[in-house]
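Chain nomenclature is as follows: A, B, C, D, E and F, assigned in order of appearance, with residue numbering initiated at 1 for each chain independently.
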Amino acid sequence: MFFHKQELQYKATPDKPDAVYARKLQEVLGGQYGEITVAMQYSFQAWNIHIPGKYKDLLFGIGAEEFGHVEMLAKMIAQLLEKSPLGITDEAVQSDPTVAAVVGGTDVQHAIVAGAGARPVDSNSNPWQGSYITASGNLLADFMANANAEMQGRTQVARLYHMTDDHGVRDMLSFLLARDTMHQNQWLAAVGELQEEGAESLPVPGNFPLNKENRAVSYQYLNFSDGPAAAEGSWASGPAPDGKGEFTYHEGPTTTAPMPGPTHVDARFYGTTELPNIVEKAAGAVQDKLKKE
Amino acid sequence: MFFHKQELQYKATPDKPDAVYARKLQEVLGGQYGEITVAMQYSFQAWNIHIPGKYKDLLFGIGAEEFGHVEMLAKMIAQLLEKSPLGITDEAVQSDPTVAAVVGGTDVQHAIVAGAGARPVDSNSNPWQGSYITASGNLLADFMANANAEMQGRTQVARLYHMTDDHGVRDMLSFLLARDTMHQNQWLAAVGELQEEGAESLPVPGNFPLNKENRAVSYQYLNFSDGPAAAEGSWASGPAPDGKGEFTYHEGPTTTAPMPGPTHVDARFYGTTELPNIVEKAAGAVQDKLKKE
Amino acid sequence: MFFHKQELQYKATPDKPDAVYARKLQEVLGGQYGEITVAMQYSFQAWNIHIPGKYKDLLFGIGAEEFGHVEMLAKMIAQLLEKSPLGITDEAVQSDPTVAAVVGGTDVQHAIVAGAGARPVDSNSNPWQGSYITASGNLLADFMANANAEMQGRTQVARLYHMTDDHGVRDMLSFLLARDTMHQNQWLAAVGELQEEGAESLPVPGNFPLNKENRAVSYQYLNFSDGPAAAEGSWASGPAPDGKGEFTYHEGPTTTAPMPGPTHVDARFYGTTELPNIVEKAAGAVQDKLKKE
Amino acid sequence: MFFHKQELQYKATPDKPDAVYARKLQEVLGGQYGEITVAMQYSFQAWNIHIPGKYKDLLFGIGAEEFGHVEMLAKMIAQLLEKSPLGITDEAVQSDPTVAAVVGGTDVQHAIVAGAGARPVDSNSNPWQGSYITASGNLLADFMANANAEMQGRTQVARLYHMTDDHGVRDMLSFLLARDTMHQNQWLAAVGELQEEGAESLPVPGNFPLNKENRAVSYQYLNFSDGPAAAEGSWASGPAPDGKGEFTYHEGPTTTAPMPGPTHVDARFYGTTELPNIVEKAAGAVQDKLKKE
Amino acid sequence: MFFHKQELQYKATPDKPDAVYARKLQEVLGGQYGEITVAMQYSFQAWNIHIPGKYKDLLFGIGAEEFGHVEMLAKMIAQLLEKSPLGITDEAVQSDPTVAAVVGGTDVQHAIVAGAGARPVDSNSNPWQGSYITASGNLLADFMANANAEMQGRTQVARLYHMTDDHGVRDMLSFLLARDTMHQNQWLAAVGELQEEGAESLPVPGNFPLNKENRAVSYQYLNFSDGPAAAEGSWASGPAPDGKGEFTYHEGPTTTAPMPGPTHVDARFYGTTELPNIVEKAAGAVQDKLKKE
Amino acid sequence: MFFHKQELQYKATPDKPDAVYARKLQEVLGGQYGEITVAMQYSFQAWNIHIPGKYKDLLFGIGAEEFGHVEMLAKMIAQLLEKSPLGITDEAVQSDPTVAAVVGGTDVQHAIVAGAGARPVDSNSNPWQGSYITASGNLLADFMANANAEMQGRTQVARLYHMTDDHGVRDMLSFLLARDTMHQNQWLAAVGELQEEGAESLPVPGNFPLNKENRAVSYQYLNFSDGPAAAEGSWASGPAPDGKGEFTYHEGPTTTAPMPGPTHVDARFYGTTELPNIVEKAAGAVQDKLKKE
């Protein structure tokens, strides 16, 4: 169960409205790596978990905080939209370049659809979607996905920090940046702990039987482009991070197979088939089959 | 530029057609973590890169291989569909349970739309979409996203391995599993190398000035749920992975702020406003404004 | 069958082109609550109806009018785009703020894709989609959905009215506003008639056996937030609108249940399971199962 | 802020797993009218609200409960998936019709992507999306949207009730049905209260100046189809629900306007224009313009 | 304006219900090349047209017919769903393989969402979307798109013809097949007429000045794969269909250019940049810039 | 397999950055008819082909070139974004109209998400999606789809040519225009060759038995609108392009059928049914059925 308290975790009030910035801030509310994504991602991972205890508690504990961040951003955006213009485009108004930029730069659905309110969309008004989240049940894979989400998210917040000079907004972003720092660290700590405890190991999934994998190519770097510097990295020679093999470097593939021939399917799919006699046969076959139907 | 060779990197031919399995295999062709995703993701990272040299070559080198994996899966699926049924649902046919399962379990668009061919969709026929990929320009964040993609991808392939007993399919999957092993290792190696070279550091982005972050909450684990085991992990005490702080554990928030009040917007948005006198005033205001228009 | 007449229901010609406004007007053509939505929604409700007579005729009668509104908006938008700029961004041109606003504020796909034509998209160019419509077969639910659609639609048109001072556009909008007034009234009248006739009743669906519902909580307002004013409304005490119960007010839940434990699934899904002995067992189980395959 | 408690509002445990039903239940978790929709819809309405007090508290109070319902459904689905089959399609297994039905009827992404876990998608695996919600800032319109959502939602739950005979599932559904009953009633009570207080009135938005609407057609039922019974309803004669007019009935339109002529746009859009001389002129115009560039 | 008549253009009644086939038939109602697509596509082309006369009348004349086909399919699907099962999955019922196939093969949203009604979705329940249509304003391009749509559509209907043995369904499909034959022919005739009249010519757009095109490569077939038979077709030598050049055949590219170097962007985007000194410089630059803010 | 070479097919470097134009250019990278679409479309057609030889080689040969065009556009866009502004919206900056236009006209996700990099999206930031491609297995239909794609694509490139005066961009576009000219010609040549060889014929699919089509209406132009000029074209009289019939012209339908009555479905779907006695019966039926469950 979730209980709501009509307080915010941190102050989320801009110095002054800014409808153009409101649109940009939507990215970290409703974008691919916005707060709705992480709130939902951690919650679904918690609901689907296969083990009791600390990992579950960790997921619930952070997930609920992230729903509060969704709220902080929504309230901030609503306030940034307080002076949201109707945007009448008569020339008199537009002779002011600042107004012109605002007219061009806002999310017009903020005005038309939401009447100056926040929305579950990204900065280009693509609706948030369930396919943004990751929850596979494999905690090593999923915690890596979580670390990834926090890294992308913190990078976006860092960029947004420089896109405004509003002290109220920056104050809130400095708080969110700190929380992203914390959560990056937490997921990486959890990734480490899973491996130390032997619960999971690399490569993910760690308990898939390696003898069922084609081990001959498990540590070969096959360079399908012509950039020679690719051989210089630690990914091209030396021990692999999973501790189970040694990298080797190869230009192009070490295996090949002939391209399978064309497929032959039921003539009633009306695909184009071999020419020209075969066509006649196919037509005959179709006729035969059709007579029976 | 890309050059195509009419050979496959590895044999991709099933022992026998299986239209139901063809549908399932679509997941790793056109799903969130399928081969189209990684091929596109690594390519866009390469095209957008801000530094020359080994990281760029690494991205191009693996990206091109992944386009070849798209091809292997497409050819495999096309062959699995060779006996794809038209699916006439008359009772005689359906009295055979095996046929019944096939009728129910195939992707009907394989038949109706593609005439027994592969498609750029996932196992539930959601079309592949550009929002699946990640390419931020920050290589530490992006290589982490790549490792994440390979982990999720390998987990899905491992599951698919157990969903068939076709030797041809399993042989191809054993190859793809090995390549996912390799690529997981490579991205993790690259993540390590970026940090060793000092090119990037945690938290990502590493060169955002920490004094602009609200450091007071950067290492606090705030547990917004009531699971006490959350305090037991290495994410709740001890040094953080970024080496810049010590974790502390807290039940709930350490900061709060009052909820901002309702927003006041232009009356011509026709939002519901304060009652009842204010309504009258608003109506008056609207009338006034409208007279001028 | 639909028959088309090359006339409009009402004049739809702007005084002058305005490519920025054309983009905004797309919302009520191809948005969530635009004319395509209501035309399709009423038509699908009519096609799927389970009773003959007046409700069916009502749905067809309004549905066909709405297709004509789609047309009016499309023609209006095409004319608003007549001077649609190519948008060359050289400095000379952009030194004019009005031009700058236009450059920034148009839907660039109007130019690049449609060559200055209307499109089945909303004001942010999200394509119209079938998931916008509602047609459940339960007429009380569906007519409420229709009333809702007309209310949201009229609100958007009212906002758009204030976003232009073009007399031709405003004249057309004054017509559409009146039709939205009519249709709001009609669906509400129909909602009332369904209940008077005893065809449907609250709660929807009215003929679901109430003894199969957990009646103990059917009229309890459970406040999961801490706003005390929630208890002041007519939704917290007194008779409920369905006439079948009395509201009561409660802070938080009146029932609880323990969280179900973690789920245990087939080991071949490679989810993370209990630690550490259980992992070994699971690995053993996987090995056993795999030997058999 | 949201606080999470590791308890459910009501028991959510099936008697036995049922992977096919798990898929169906996804509709009311992640579908157009599922619990994610109402949780998000009420929350965004609360965050965007323009008045303090009881309506805000009502929205927060129910919104937080709905997040708990998301959780109940997710936990239920995860348990229904506990025996989720890998779905190997060999003939031996499929000779059992029950297995055949399961093979055909499950959401294969439950297995391949989520490893037997719930997902933020509907019963056909379309991802939940932000465009499902409605939050316009006009409370009369939005509460009507909320009543609509609860009606559609309760109808779907009622159908799902009959699609299983699992007592555990039915017990949880009987609880959700009751809560949908409550929430339908609450939103309708709130719709009434808004009007009684004079905060809002019909047609929505009530304070748009009626003299700017084309009142001549505000109460005309224009029947664009040929079903004569459409004239028999209370929507075709008598007073309108908004109390501001009398319905009249008309076959077809009462107004018409000529179709506007073709639009003339910049020749560099390469649209097809008037023939044939005009083409030459257009070509000439293009040449002229191009010389200048 | 559109006027509706409560008759169908052709009989659309199945001999008996078939919920599995109903799902399949959705493809040609709400799929990429279904009737909604062509109805909308021709209508938008008509509304956006830049010339008066016969082409406009042709578009309106066929477009309105297609809306009637949407209706025929919707009515057919609703009737096919008349015995739509609730789908209770108890073992007794599923021991019948035919039932098992039905349980597995239906669109579950037909039951849960639409209560046994048609929906604006394809055969895998992907919602119809506005991005399916094409309307560029260039009639040669657009009529080709129309011919393409009719060809894909007729192919799908032909496949669907063989997926049922219901005489009522087949009778309706035989009608739709004939109309697709007609419309294919019409658009091809119109494509020819546009060129004969000199209104448009190949390549499309015909009046783009050829001297602004890099004519050196306008008729070179550059084979980027290793299939030698590609040189055997009429596309590799001889005159081109536009009558303005001669095809030549080349293995691979005839031009190349060096890959542009990495891009250098504002340091505040936190992309990874050159190593390691440059990093320090960048960090310094960031610090400098931040001081000023 | 695909092999990558770190060279471009043609120079793709702008004279100077232009973030607004970068956004526009996204249309032909990731839009409905952008380079990703044609690269994927030709590849899937090749992978799914049912005949060996020249058509397969043609598809692979062009498909691989198109992946190189994706790359050229991505590199061009990345360079156009090199001076991509952070977009701080303070008044000082915006008093410059040129800056104002840039602030309003860029794709803000280029900055926030990609850190000044290209993305797999269109010019309005709609993600590329798999449903853009066409691959039916019928080569006549598919090559027509390919010709269509090249025509729409060349039209868009032609428009984009006039939206910039950057010589570097125009130089690249002049190359792409020429390649679109070539590919239009090639697909039309292939369309002709298929017919000459007798592999396919009109109407598509050519080998569907015409006696199963309702030939009475196969050449009737039924004008469902009131534009009389529709009768003037070559599509209304004379021989049809498929050589199998003569066009005739008709105002409206030549066939009609009564609208099927309302459908009767299981009462447990809770659709609204006949009034009022039938309701009672239905309620009784529900009760009866429910007792048994």
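Everything that follows uses one rule, which is that contacts are C-beta pairs under 8 Å (C-beta built on N, C-alpha and C of every residue); 3 or more make two chains touch, one makes a residue touch a chain.
If you're wondering where the values come from, they're calculated on a predicted model, not measured in any experiment.
Interface equivalence for C-D, evaluated over E-F, B-D or B-F, points to E-F, where over half of the contact pairs coincide by residue number. In this structure chain E contacts its sequence twin chain F using mostly the same residue numbers, the overlap exceeding half. Comparing chain pairs A-B and C-E, the larger number of C-beta contacts belongs to A-B.
We define each chain's centre as the mean of its Cα atoms; on that basis chain A and chain E are separated by 27 Å. Chain A and chain D have centres, each the mean of its CA atoms, that are 25 Å apart.
In chain E, the residues that touch at least two other chains are 1-9, 32, 48, 55-57, 60-61, 63-64, 68, 75, 78, 86, 97, 100-101, 103-105, 111, 113, 115-117, 124, 126-127, 129, 131-132, 136-138, 140, 155-156, 158-159, 162, 165, 205, 208, 212, 224-225, 227, 253, 256, 263-265, 268-271. The touching residues of chain D, counted against chain C in their complex, run 6-13, 32, 53-58, 60-65, 68, 75, 78-79, 81-86, 111, 115-117, 126, 129, 131-132, 134, 136, 138, 140-141, 144-145, 147-148, 151-152, 154-156, 158, 161, 170, 174-175, 177-182, 184-190, 192-193, 202-205, 208, 212-225, 227-230, 232-235, 240-242, 245, 247, 253, 255-260, 263-266, 268-271. Taken together, the chain A residues at the contact with chain D in this complex read 1-9, 30, 40, 43-44, 47-48, 57, 60-61, 63-64, 67-68, 70-71, 74-75, 78, 113-121, 127-131, 133, 135-138. Those residues of chain B lying in contact with chain D across their complex are 18, 20-21, 23-24, 27, 31-32, 97-98, 100-105, 122-124, 126, 155-156, 159-160, 162-165, 224-227, 252-253, 256, 261-265, 267, 269-276, 279, 282-283, 286-287, 290.
Against chain A, the residues of chain F that register as touching in their complex are 1-6, 48-52, 55-56, 86-91, 94-97, 99-101, 103-105, 107-109, 111-113, 115, 124-127, 136-140, 194, 197-200, 205, 207-209, 212. Those residues of chain C that touch chain B in the shared complex are 155, 158-159, 162, 165, 268-270, 293.
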